[in-house]
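There are two complexes below, and they share subunit A, which is joined by subunit B in the first and by subunit C in the second.
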Partner chain A sequence: MTAQIFNLSPILILIVTALFVLLLDALFPRGDKKLVFTLSLLGLLGSTVASFQLWQLDGLSLLSEAIRVDHFSLFFTLLSLAITFLTFLSAFPLMKENKVPAGEFSFFLLSCCAGMSLMAWSTDLITLFLSLEIMSVTAYILTGIERERLTSSEGALKYFLLGAFSTGFLLYGIALLYATVGSTQFSALANYAMTSKHSLPPLFYTGVGLLTVGLAFKIAVVPFHMWVPDVYEGAPTPITAFMATGIKAVSFAAFIRIFLIALLSLKANWTMILLCFAVGTMTVGNLAALVQTNIKRMLAYSSIAHAGYIFIAVCATTHQSFELSTSAILFYLIAYGLMTLGAFAIVTYASSLYSKHGQEKNMISDYAGFGLRFPLLGGAMIIFMLSFIGVPPTAGFMGKFYLFGSAIKSHLFWLAMVGILNSVISSYYYLRILVAFYMNKPKETEALTPLPLSLGVVIFIAALGTILIGLFPSKIFAIILKTVTPLL
Partner chain B sequence: MVGYSHYLILSAVLFTIGVFGVLLRRNLIIIFMSIELMLNSVNLSLVAISKFTQSADGQIFVFFVITVAAVEAAVGLAIIISLFRHKQTTAIDEINLMKG
Partner chain C sequence: MSFENHLLTFLIFFPLASALFIFVLPKSLESKVPLFALGLSLIEFIVSLLTLRSFDASSHLLQLVQRIPWIPSLGISFFIGIDGISLWLILLTTFLTPIVIFSSTIQHHIKSYMACFLILETAMIGTFVSLDLFLFYIFWELMLVPMYFIIGVWGSQNRIYATLKFFIYTLAGGVCMLLAILFLIYLHYDQFGTFSTSLLDFYSLSIPFDSHKILNPQTLLFLAFALAFLIKIPAVPFHTWLPDAHVEAPTGGSVILAGVLLKMGTYGFLRFAIPLFPQALSYCMPLLITLSLGGIIYGAFLALAQKDLKKLIAYSSISHMGLILLGLLVLNSYGLSGSVFQMLSHGLSTGALFLMVGMIYDRRHTKEIALLGGLTKTMPIFATFFLIITLASIALPSTNGFIGEFLILMGAFEKNPSYAVLGGTSVVLGAYYMLSMIQKVLFGPLRHEENKTLKDLCWKEMVSLIPIVFLIFWMGLYPKPFFQKMEKSLDYLASHYEHYDLGIYEKKQ
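Entry: the complex of A and B
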């Protein structure tokens, strides 16, 4: 029993810290916000140390195969922890200005992180459902946590209604799979799919389809993306970055565990649907981003498009190319996470400059001359935008290289071509931001608030990471390759 | 005699009613109730499957689903109230600040 608790420690530390922080804030409502913030960061640190401790294990199923601790799950735990850490840093100015309640905010963010980790660990449909709900419900609240601002509440409502709706589909899919397979474990699903490959009942396919809908909603795959722009615009900017990177990443983890590991033997039956997802998500995301005038909405559509690029590697996954394709997905999730967190940190600072009377101002035209006024921030934004487009030597370029490379390995040349064409289209709207940054004259010079240190740290880490991963990708790729190889 | 398939069909019918409720009704509270109907129809089929396949997993799952439904009710109603304070309405067509 103690051994089991030790193996669960990364998640347990997060939950205990979350509860402690909430109690502390409730007992001392006038206390220092810095204390809550520091304690949360310590909790994240403790969980990180615990995850590294578990890295020595070779993979272990716990709690009657409800969860599994292996390198794959620890990879996503560490990724969620890093994303949560950077989100905390970006949100610290909001906490200090009392725009968001510090105690509740930290509690929900830490719980969301615990849910995200658990999602990558789950190897049972029940655990998957529960972790998905922990993650989603806290994300609904985090979206609406700026109660004074109407768009925040409206975004939370839209997210909640559509999220709960999609949960219904996911749950019904789980029930149908349980009815046909007689168990909710992924390994039982895999066995069932292998043994009765040629006589699978329609109920099974319906279940798999409904499960796909539920997860596709979280990843924001076209046509289940309608909520993304409104929710991403309404949420506080650090939370937008958190959702675009963290929630998307672990949803991919669950997707890989179910569809690319347990049900890989069935993949040939629904390649067509996956190809439609990939092409549709890329194209719709990029085309819709072209016409946006609000930078948060534009980045929301761009995050849809990037999920589409990742789906190229999902389509390319077969028994032979499993390692390379899934490694490409994991690599891209790191690269995309870094550049998105950095870009949104700059947006957070800029909108704190331009916003007045509690209304957020995020129009691209507001950024006129931003790069000239802030040369360092402008330089960082150039790095992030070039990385989004996929220009060497940035992480985005290497990520796309591996994704499209996996498509070419699986002889999906046309799909790689569609991906490259989409990158070309996307350069229009990313460069439009840089045009606003450097080519337009600043409107008026107001009194400037200096860049908060915590935001500066986030932007620095993100920019440095984007460049370093772009320059030395092979080391990280080798680690990821080792992470995914024992999965199949 | 009420059999296995009757339960599954009833559950499917209830689920469909819930889906159409979400898609067609325009009041927040009724949409919310339709979502609850969807979750509970799944509960019905889980219990039925569990009974007829002689495995306890489904019944345990139902407890989790009930808990999650309660959590969603608490959070959902809180969000609806916070929005109602701004807008004084529960009609979904009037909640349209963000578009595009």
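Entry: the complex of A and C
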């Protein structure tokens, strides 16, 4: 029993911390918000330490194969923890100005992080569903947590309605799979698919299809992406970054566990659908981003497009190229996480500068001359935008290098070509942000609030990480390769 | 010995370090920034002259090589070195950068302006010395970034359109090349079982080729590389970004763009596209020759019709670069040495022309040919320099342009006389549009009131032009030292391009 608790400790620590800060805030409503903030960070730290402790173990299935602790799970736990940590830092100014209730905010964010970790750990459809619900419900609330702002509530409602709908699909898919396979374990699914290759019943395929829809909604794959722009625009900016990076990342983890590991033998049957996902997601995301004038919406569409690039590697996954493709995905999730968190942190600061009367001002034209006024922030934004485009030497470039490399390895030349063309298209709108930052005439200067330290830390970490991973990717890639190799 | 090993690495990273140094200079020293930048770029130039001393002209092999493993899992290393081709292009880069910095008349954000040029210098030198395709690609793309800001921040009216066009065109070519590089990496893995991105390893690849099918791997790879380089040169029909970029760029940007960046395209052919894919090259030869001849004639005709000085020079560049491309494609030693020589002389003379247009613009705030005229009367020194440089650009004997164009045409004649005839039109038309431009700008009556009060060149402007004029005559009258250093490499390329295999030079004890 104690061993099991030890093995679950990263998630347990998160949940305990979450409950503790909620109670603390309820008991001392006028207490110092900094205390809540510090305790949450300590919780994240404890969970990180626990995850590192578990790293020593080789793969281990727990709770009658409902979850599995292996390097892959821990990789995503650590990624979620890092993203949550940076989100806390970005959101600290919002808490301090009482725009969001600190206790609830920390509770939901920590619970969401716990849900995210659990999702990467799941090896059973029921655990998957539970973790997905923990993650989604908290994310709905986090979207609407800025109650003063109308768009925030609007986004939350939209997200909730569509999200609940997609969860319905997922659940129905699980039910159908259970009906055909007789078990909800991934390994049972794999066995079933493997042994009865030629006579899989239509019910099974329907179940798999519905499951795909449910996960595709969370990843925001075209055509299940409609909610993204509104929700990302409405949510408080740090939460937008959190959703774009964290939720997307662990949804990919679940996707990999189910479709690329358990059901890899079926992949040939539905490659066409995956290809359509990849091409559609990239192209629609980029084309829609071209015409946006609001920077948050633009980054929302760009996050759709980046999921499309990741799908290139999903398409390229076969038995032979499994390690390479999946590690390309994991690597890109890190790279994408860093640059997105950094870019959104800058947007958080900039919109707090220009916003008046509780209305966010996020038009690209509002940013005219921003880079000239803040040389360091501007420099960081240059790094993030170049990384989004995929210009070396940045993490985004290395990420694309591995993604497109996996496509070439699997002889999907045309898909790599589509990806490349999309990168070129995307360069236009990323560069437009830099045009606004440096080349447009600044408007009249207003009184400036200095950059909050916590935001500065986020931007610094993100910029440094983007450059360092771009310059020296070998170490990280080696770790990732070690993470994915035992999976198959 | 040990210094020689690090010489190129120093040349790459010194400008970058200088740029960082300039960024962190305190506000109180802001007025001294141009001085610092000039000093640092001059140090770079002087150090780069050491390559001449260390370079052994009797060998075609790669010299001053340094190789440090970088991303071992993919076989990527920091692998640099030079031969007779890249040697001169590095010197051209380090020579033009201080001139550009010295002659700058930028008024705002001087710090960033200087830093951009220094970062650009790093990227340019890196491109010319990389012997690892991954590294080459990194520098190739990195070069876009400072240029994007140079045009976009310090350019004229329509600068944002021009800089986006420049960036996207070049990026589009570059990413095609990236795909081709990825393909080569996996091809190498399939054939040898190890990952490598070293150019020398790729030379020994056998890339599948089938002359009966258009879509065979080697041809496609060649086209991907060629597209990147053709856009950069730029060859017609990929040239439309160039006039826009030139017209909008600040003077310094135009000088570097015409002087060095365009040469990366032709250099890419010499180093990568020709030796890596010889069969695909001969297969696509008719197409490439058509593009180059088309560029020569089309560029010249468009130059004839221009009313704006910068546009005229931009189109003349397209025509001249077409001729350089023709010289490469005929693949004999006349054509090749003429091409490389012409790369240098075009860099100098066109760079100087852009500098001088900038000088007019600073005084008169126009580049319109019709608004000038009779400048010999008010600006005699300017007129003298302008005349000399224009004559070099139209290849008058005793200037450097003559040697290069003559050799290229000779090479073309040897291959096929009709190429030489068609290519020769560039000389005829070039003389026509350049001389009529000179006539309209320098001679004739002083029609416009504003032109009567123009000041002649100041000492600073003369100092920035004199080195170029000196080189124009030196290269025109005594080109031997230049050819001596490059001829072994070019002869080897001309005779062995079908089985190209460069080794690393070992210094004799």
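In this text, the second predicted complex is superposed on the first by the 488 of 488 C-alpha atoms of A that agree within 3 Å, B and C clash if a C-alpha of one lies under 4 Å from a C-alpha of the other, contacts with A are read in each partner's own complex, and residues count from 1 in each chain.
Basically, a residue touches a chain if its C-beta (ideal position, glycine included) is under 8 Å from a C-beta of that chain, and two chains touch if they have at least 3 such contacts.
Note that the coordinates shown come from a computational prediction; the quantities given were computed from them, not determined experimentally.
After overlaying the two complexes on the shared chain, residue contacts for A:Trp270 are found with neither subunit B nor subunit C. Using the contact criterion defined above for the overlaid structures, shared-chain residue A:Pro393 touches subunit C, although it does not reach subunit B. When the two structures are aligned on the shared chain, A:Phe20 is found in touch with neither subunit B nor subunit C. Contacts of A:Tyr354 after superposition on the shared chain: neither subunit B nor subunit C is touched. Residue contacts after overlaying the shared chain place A:Phe460 against neither subunit B nor subunit C.
Once the two complexes are laid over each other on the shared chain, residue contacts for A:Tyr205 go to neither subunit B nor subunit C. When the two structures are aligned on the shared chain, A:Ala179 is found in touch with subunit B, with no touch to subunit C. In the superposition on chain A, contact is made by A:Ser474 with subunit C only, not with subunit B. Comparing the two complexes, no residue of subunit A contacts subunit B in one case and subunit C in the other. On subunit A, the positions that touch subunit C within their shared complex are 372, 382, 386, 389-393, 397, 401, 404-405, 408-409, 413, 416-417, 420-421, 423-424, 427-428, 431-432, 434-435, 438-439, 472-474, 477-478, 481. Of all residues in subunit B, only 8, 11, 15, 18-19, 22, 28, 31-32, 35, 38-39, 41-42, 45-46, 49, 53, 55, 57-58, 60-61, 64-65, 68, 71-72, 75-76, 78-80, 82-83, 86-87, 95, 97-98, 100 touch subunit A in the complex they form.
On the subunit A side of its complex with subunit B, the touching residues are 126, 129-130, 133, 137, 140-141, 144, 147, 150-151, 153-158, 160-161, 164-165, 167-168, 171-172, 174-175, 178-179, 182-184, 229-230, 233-234, 292, 294, 297. Within the complex formed with subunit A, the subunit C residues making contact are 70-73, 109, 137-138, 141-142, 144-145, 148-149, 152-153, 159-160, 163-164, 167-168, 171-172, 175-176, 178-179, 182-183, 185-186.
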